[in-house]
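Following this line, the structures themselves.
Same chain, two partners: subunit A is paired with subunit B first, then with subunit C.
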Partner chain A sequence: MLFKFAILVVKSLGRNKVRTGLTSLGVMVLVAIFSVVTNVTSVVKSKVNAQGEQTRLIVSERWTMPSRVPLRYIPEIAGQDGVADWTTMNFLMGFLDESRRRDRQAIAIATRPDNLREMHEGARGIDDDSYDAFLTRKDAALVGPGLLKTMNYQVGDSFTLLAARFPPIDIEFTIVGVLPPGEMSNGFFCRHDYYMEATDDRDAVNCILVEIEGAERAKELAAGLTLDYENRQPSLKVETESAGVARFAARSQAVLQIIDGVVAILLIDMIIILSNSISISVRERRVEMAVLKVLGFQPLHITLMIIAEAMLVGGVAGLLGTGMVCGLSQLTIHEVIPVMAWNKFLLQFPVPWSAAIWGMLIGAGVGLTGSVIPASSAKSVKVSDVFSRIA
Partner chain B sequence: MSDAIVTVDNCTKTYSRGAERVEVLKGVSLQILRGEFVALIGPSGSGKTTLLNLIAGLDQPTTGRVIVAERDISRMDESQLARWRTTAIGFVFQFYHLIPVLTAYENVELPLLLLNMTAKRRREQVLTVLHLVGLQHRLTHRPGQLSGGEQQRVGIARALVTDPALVVADEPTGDLDGRKKEEILDLLENLQRGLNKTILMVTHDHVAAARAHRLTRISDGLLLEERADTKEEALALAFPDAKIRGND
Partner chain C sequence: MIPLKYNARNLVVRWKTTLMTASGFTLVVAALVVMLAFVEGVQKVCTTSGEPENVIVLAKGNNDEVFSQIDTRLASELENSRGVGRNDAGVPLASREIFLVVHRRLEQEGVFKFLQIRGVQPIAFDVHTQIRIIDGSPLRASQSEVIIGKGVQREHQLNVGDEIEMGRKSWKVAGVFEAGGSAFESEVWADLPELSSQFRREGVYSTMVLRTEGPEAAKELMTQLESSRSISCNPKTEPEYYAKQAEQTQMITSAAWIIAWFMGIGAIFGVMNTMFAAIGQRRKDIAVLRIIGFKAHEILISFLLEAILISIIGGFLGIGFGMSVNGFSRSTAIGAAREVAFAFSVTEGSIIFAACFSLAMGVVGGLLPALSVVRIQPLEALR
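Now for the complex of A and B:
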C-alpha cells in the first residue's frame, strides 16, 4: 500500500513537470551553493576545533612581521626535552610570469626536505618517486595541482618564481612531483638549503615548526621557551599550532559569521521556493483533495501526501545538487576538467561524496519545513465548501 | 430490523454568513429503502446537495439525525466519517473528478488503498468493477484519454469498488449529453437491478429522474409531500415544462 501511495506522490509531482522541474532546479542550485559554502566553513572550523590534540609548536619572532628567527636558535630549541622532530619554514611570495597578474601569483614554503612528509600535512600523500626526486635534486619543487593546471606545467618543467617581496631575488625551480589536492593546491614546497643558496639568506627563517611528544609537554615547552627567550634579541613567541590557527580564525571570525548568515539565508530561500511551489500546487488541487476526502482519505493522509511530495522534490534536488558539486570536485581533483578560476577552490576544499547524502537530507528537511503550511491548508479543505463552489 | 438503508430524521442545516444565518434545510425527514433508486429533485438552492452531503457524511446536520446502514453518522467526527465513507458510501460526481495523473485502473483502485487488502484481492476487485462498467479495455488510459461518458464510467466503478451500502450520485449526467447520458443512466439502472444497489441521485434532469423508482422533491429546504399515485404523475408535477414538451 505504501508503494501505491509513493506512486501517487510521484505521479502528482509529474502533473506540472515545468513547475516541478523549475522548483527542483532552484533547490538544486541553492543546495549546491549551500554544500560548497558549508564545506569550506566546516573545514576551517574543524581546523580550529582540532586544538586539543595539538602537539606542534610554532616558533616565530615576537615583535617583527615577517618573523625572522635566527638559525642559531635551532640547536637550542631542537635539543629541548620532549622534542621529537622539527623543521624550518620560509614563505616565498612571487609571480610565475612577467604579467604579474593575480592569478599568476604563488606562495612557496622552503623547508627541510628530509622530513617533509612527516612535518607538513599538505605533503603527506606525496608518492615515493616524487619524494625521492625532492631529496635528490636541490632545485626541486613539489607543486600543488591547482598551480600546475593554472600554469600548464608538467613534471620535469622548470619555472622561475619572480620575487614579490623580500628577498628580492628570482629563483628557478624544477618540478619533480605533484602534491595531493588540499591546502597547498595553489602553492609549492621547495628545499630550504636551495633557498639559502639562491638568496644568500643564511641567518634566519620565518618560523620553526617543532613536533613534541605529547600535548601536555607541548604546552609546558611553549610556556617555557617563551619565558626563556623573552629577554633575548630577538625574543620569540612560541605557541601551539592550534593556537596559531585559532588566532587566525579569530581574526576571520566575522567573515565566518557572515558566511553562516549567508547559509541561513540560503536555507530560508530554499524553504520559500518549495513552500511557494507546493502552495500553488495545493491551491490548484483543492478539488482533488476534496475528492480524496470523499473517497475516505483522512486529513492525516492528505497531510502526509503533501509533505512527501515536498520532501521528495527537496531530497532529490538536494541529492542532485550536492552530487553535482561532489562530481565536479572529483573531476577537478582528477584533472578530468581544466582547473580554472571558478573551480580552483575545489582543490583546496574538495567536497566528499558523503556530502551528497547530507545534501539529500538537507533538501528533504527543507521540503518538510516548506510543506508544513501548504499541507495544513490541504488537510483542512472542507469538502462541502469545495463542491458547493463548483456547483 | 428496518429495511431502510437511509433514515434522515428531522434534520436542519443552518449556515452563518457573517451576521446572517441561512437555514438551508428546515426539518427534513426521509427514508430510503435497501435496493431503491431514488431521485432527489428540486430547483437550484433548494437544499438538495446539502441533504446529499448529510447523507454521504460530508457534512453534519445542525439538528436531527442521519442514520445510514444502521449507523448514526450525525455525530461522528471527521476521521470517523472518512473511515466510514470508504466502505459505506460510493460517490459519483457530476464532473467525474478523477485524478488526472492516474490511469483508469489506478483511479478505481484508490479507495481500496485505504482498506486492509492484499494486492491480488485489490486487483480482482478493480478488474471486476471495470468489467462491470464496460471499461476492461481502458485500464491504462488516463482521464484525459477518455471520453466524458467513459470518465463517468470510471467514476461509477470507483464508487462501486468498495461494495458500498449506498451509491450517491450528484448530477451524474449533468455534464453529458444525448446517447452518453442514456448510457450512464442505463448503467446505473442495471447496477441497481443487477447488484441490488441503493442509489440516491440528485438531478435537475427529467430524463434522469424518470429512471428512478421514486422521486423526492425538495423546495426551499423542505421535502414536498406530493400526492402522486404513479411515477409519471410525480414527474409531471416535478417537471411541468417537460410534460408540456411531452404533450407537443
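Now for the complex of A and C:
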C-alpha cells in the first residue's frame, strides 16, 4: 500500500517535469546558500554558546585593549589549585608584503609550543612531522591553508610579517607545516619564545588561556582570580572562553542580526517557491483529485499525497543543494579545485558532509510547510463541482 | 502590439499566484536593500569622519590608532614640523592623543562592553573643529570628567551627570557632543594626563593630529613627513585614514551581492514556474491571438512584459520594506578594534540598484517561458 502510494507520488511529480525541475532548482539554490550562511553563523554561535564546556578561562587585563598581562602573574595563576594546563597568547597583526593591502593582512598567535595541540582548537589536527618541526625550530610557523594559497607559499618557505601594530618590528618566519582548515585558515601560529626574542617584548602577554579541571572549579577560580587581582596593577579580568568570544561577537551583532534576517528570508523564499508550485499543480489537477475521490481515496489520503510530493521535492532538492556545497567545500580543501577569492572562505568555514542531511531535512520541512495550504485546498475538491464543469 | 491591459488583467485574475511570485521578489529585494543600507551606513560614518585639513600621524607600520604608540620625542618633532598651523596664542595646532578601548562592566546585565576613550588636551578642540557640545558642559582637566559622543549616549544609555567606572576611578559625564555623524560620536573624551596615569600610558601617545591651513597644506605636510629621514612615522590625512577603516565593509558588500545573486536565482526559477503555468493555462488564448493576426514576437514580448510586471510589483514592495530600516541606529565593529555607531542608510543608488536587480530577475525569469510561446502551434492548441 505504502509502496503504491510512493509510486503515485513519484509519478505525479514526473508528469510535469519542467515544473518539478524548476521548483527543485529553486529550492536547491536557496538551500545551498542557506547552508553556507548558517554554517558561518553556527561556527560563531557554537563558540559563544559552548555552555557545557566552561572549563577554559581567558585571563586578560581588566581595563584596556590590547591587554597586557605581566608575565610575572603566570606562575601565580598556573599554580592555582585545579589548573590542568595553561598557555599564553600574543596576537600579532601584520602584512605579508609591502603593498599592505587588506587581503595581504595576517593575524598570528604567538604561543607556548609544547602544548599547542592541546590548548588551541585550530591546531588539533596538525600532523606529527609538522608539530615536531614546530617544537624544534624557533622561527617555525604553522600556517593556515587560506593564507598559504593567497600567498602561494610552500612548506619550507620563509616570509616576513610586516608589523601593523606595536611593537613595530618585522619578524621573519619559516613555514614548517599547514594547519587544518578551520578558524585559523587565514592566520598562523608561531612560538612565544621566538616572538619575545624578535621583539624584545619580554614583560607581558596579551592573555593567558587556562584549562581548569571541571566547570564548577572554573567558575570558582574565575571569581577568585578576579577578586585577588582587583587591586593589583594591572588588575585582571577572568572570564570563560565562550564569554570572551561572545563579547567580541557582540561587536558585530548588527552583522549577525542581518545574517539571521537573511536566513529567515531564505527559508520564507523557499516556502513561497514550493508553495506556489504545488498550488499551481493542485489547481491543474482538480479533475485528478476528483477521480481519486471517486476511486475511494479519503481526503486525508489526498492531503498526504500532496504533502508527500512537496516533501519529496524539497528533501531531494535540499540534499542535492547542500551536497553540492559540501562537495565544493571538500574539493576546495583537498585542492582539487584551485583556491580563489570566491571559495577561500570554505577553508575557514568548511561545510561538513553531515550538513547534507540537515539540508535534506530543511528541504523536507520547507516542503511540509509550503504544502499545507495547497494540500488542504486539494482535499476539499468537490467531485460534483469538478464533473459538472467538465460536463 | 498586444495591449498591456491584457497582461495586467491576467495577473489580477490569477492574483494568488501573482502575489506569491511577487512576494519572492519582494523578499530578495528587501534583503538586498537592507544589506546595502548597512554598508552605506557604515561607509557614511567613515567618509564623514575626519577633516581634510588634519593629518593623523601613527607609529611607523601602524594602520590603526588602537595599536599605535608614539613617544614624547617624536611627538615634539611632529609638533614643530613645517606646515603645522598655530592658534591665536601661537600654540601649534597639534593634538597629542591616546586612544584606548576599555572594558566597561554593565552591572545589571553582568557583561563587559567595549568603550572607546580618547585622551585629549584642550588644543584638541581647535584641531577637531567638528566637535560641538550639545548637552552639559565642556571637559575640565583634572576633574575626572568625560564628555561622551551621541553614539555612546545611545549605545551605553549614559547621560550628563552619570558616573562611569573606568580604571580605579569614577568619571563623571560632563557633557554630550556631536561630531557631524562621524566616528568620534562613538567615543568618550577624557583629559589626556588623567587618562595616561590611570592606564599606565605616561609618555606615550597613540596618535598626533596636526592641523594645517587647508587640504593642500595637509597633503604637503603628509608628503614631507613621509619623505623625512629624521622622522619615522605613518602620516595620513584624516579622511584617508577613516576611509581605510571602512575597507572591511567591502567584504560585507561582496557577501551581500553573492547572497542576493543566489536568492535572485531562486526567485528566477519561481517566476519561470509561474510563467510556464500561465502559458500552459492560456494555450488557447495564445492560439486565438496568433489566429487574429498577432505575430509570435508580439506574444513573446507580451509574456515577457507580464514577468516584468510581476518583478516591478515585487521590487517596488521590496524597496518599500527595505526602506523601513532607513535611519535605524546600531553599532558595529570596523578596523581592528574600533566600534562605530551608524544609521542604516538607503541611498538613491541602492534603490536604483535594487530596482535594476528586480527587473533583471523578471527579464531572465520570463524570457525562457516567453520563448516557449513561439513554439505553440495555433491549430494544435485549439484542438
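By our rule, the second predicted complex is superposed on the first by the 374 of 391 C-alpha atoms of A that agree within 3 Å, B and C clash if a C-alpha of one lies under 4 Å from a C-alpha of the other, contacts with A are read in each partner's own complex, and residues count from 1 in each chain.
Basically, a contact is a pair of C-beta atoms (placed from the backbone, for glycine too) under 8 Å apart; a residue touches a chain by one contact, two chains touch by 3 or more.
The structure displayed is predicted, hence computed values, not measured ones.
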Touching partner for A:Gly26 - first (subunit B), second (subunit C), both, neither: second
Which superposed partner A:Ile268 touches (first subunit B, second subunit C, both, neither): second
Touched partner set for A:Glu239, first subunit B, second subunit C, both or neither: second
Winner by number of subunit A residues touched, once subunit B and subunit C are compared: C
Touching partner for A:Trp63 - first (subunit B), second (subunit C), both, neither: second
Which of subunit B and subunit C A:Leu8 touches, first, second, both or neither: first
Touched partner set for A:Pro75, first subunit B, second subunit C, both or neither: neither
Which of subunit B and subunit C A:Arg102 touches, first, second, both or neither: second
Which superposed partner A:Gly156 touches (first subunit B, second subunit C, both, neither): neither
Subunit B and subunit C contact sites that coincide on subunit A, given as residue numbers: none
Subunit B to subunit A touching residues, read off their complex: 49-50, 53, 56, 58-59, 78-79, 82-83, 85-87, 91, 93-95, 97, 99-102, 106, 109-111, 113-114, 158, 170
Subunit A - residues contacting subunit B, complex: 1, 4-5, 7-8, 11-12, 14-15, 287-288, 291-301, 383-384, 387-388, 390-391
Complex interface listing, subunit A residues touching subunit C: 18-19, 22-23, 25-27, 29-30, 32-33, 37, 62-66, 93, 100, 102, 162-166, 168, 170, 233-234, 237, 239, 243, 246-247, 250-255, 258, 261-262, 265-266, 268-270, 272-273, 275-277, 279-280, 284, 342
Subunit C residues touching subunit A - in the complex, by the definition given at the top: 16-17, 20-21, 23-24, 27-28, 30-31, 34-35, 38, 59-64, 66-69, 100-103, 111-114, 166-167, 199-200, 247-248, 250, 252, 258-259, 262-263, 265-270, 272-274, 276-277, 280-281, 330-333, 336-337, 339
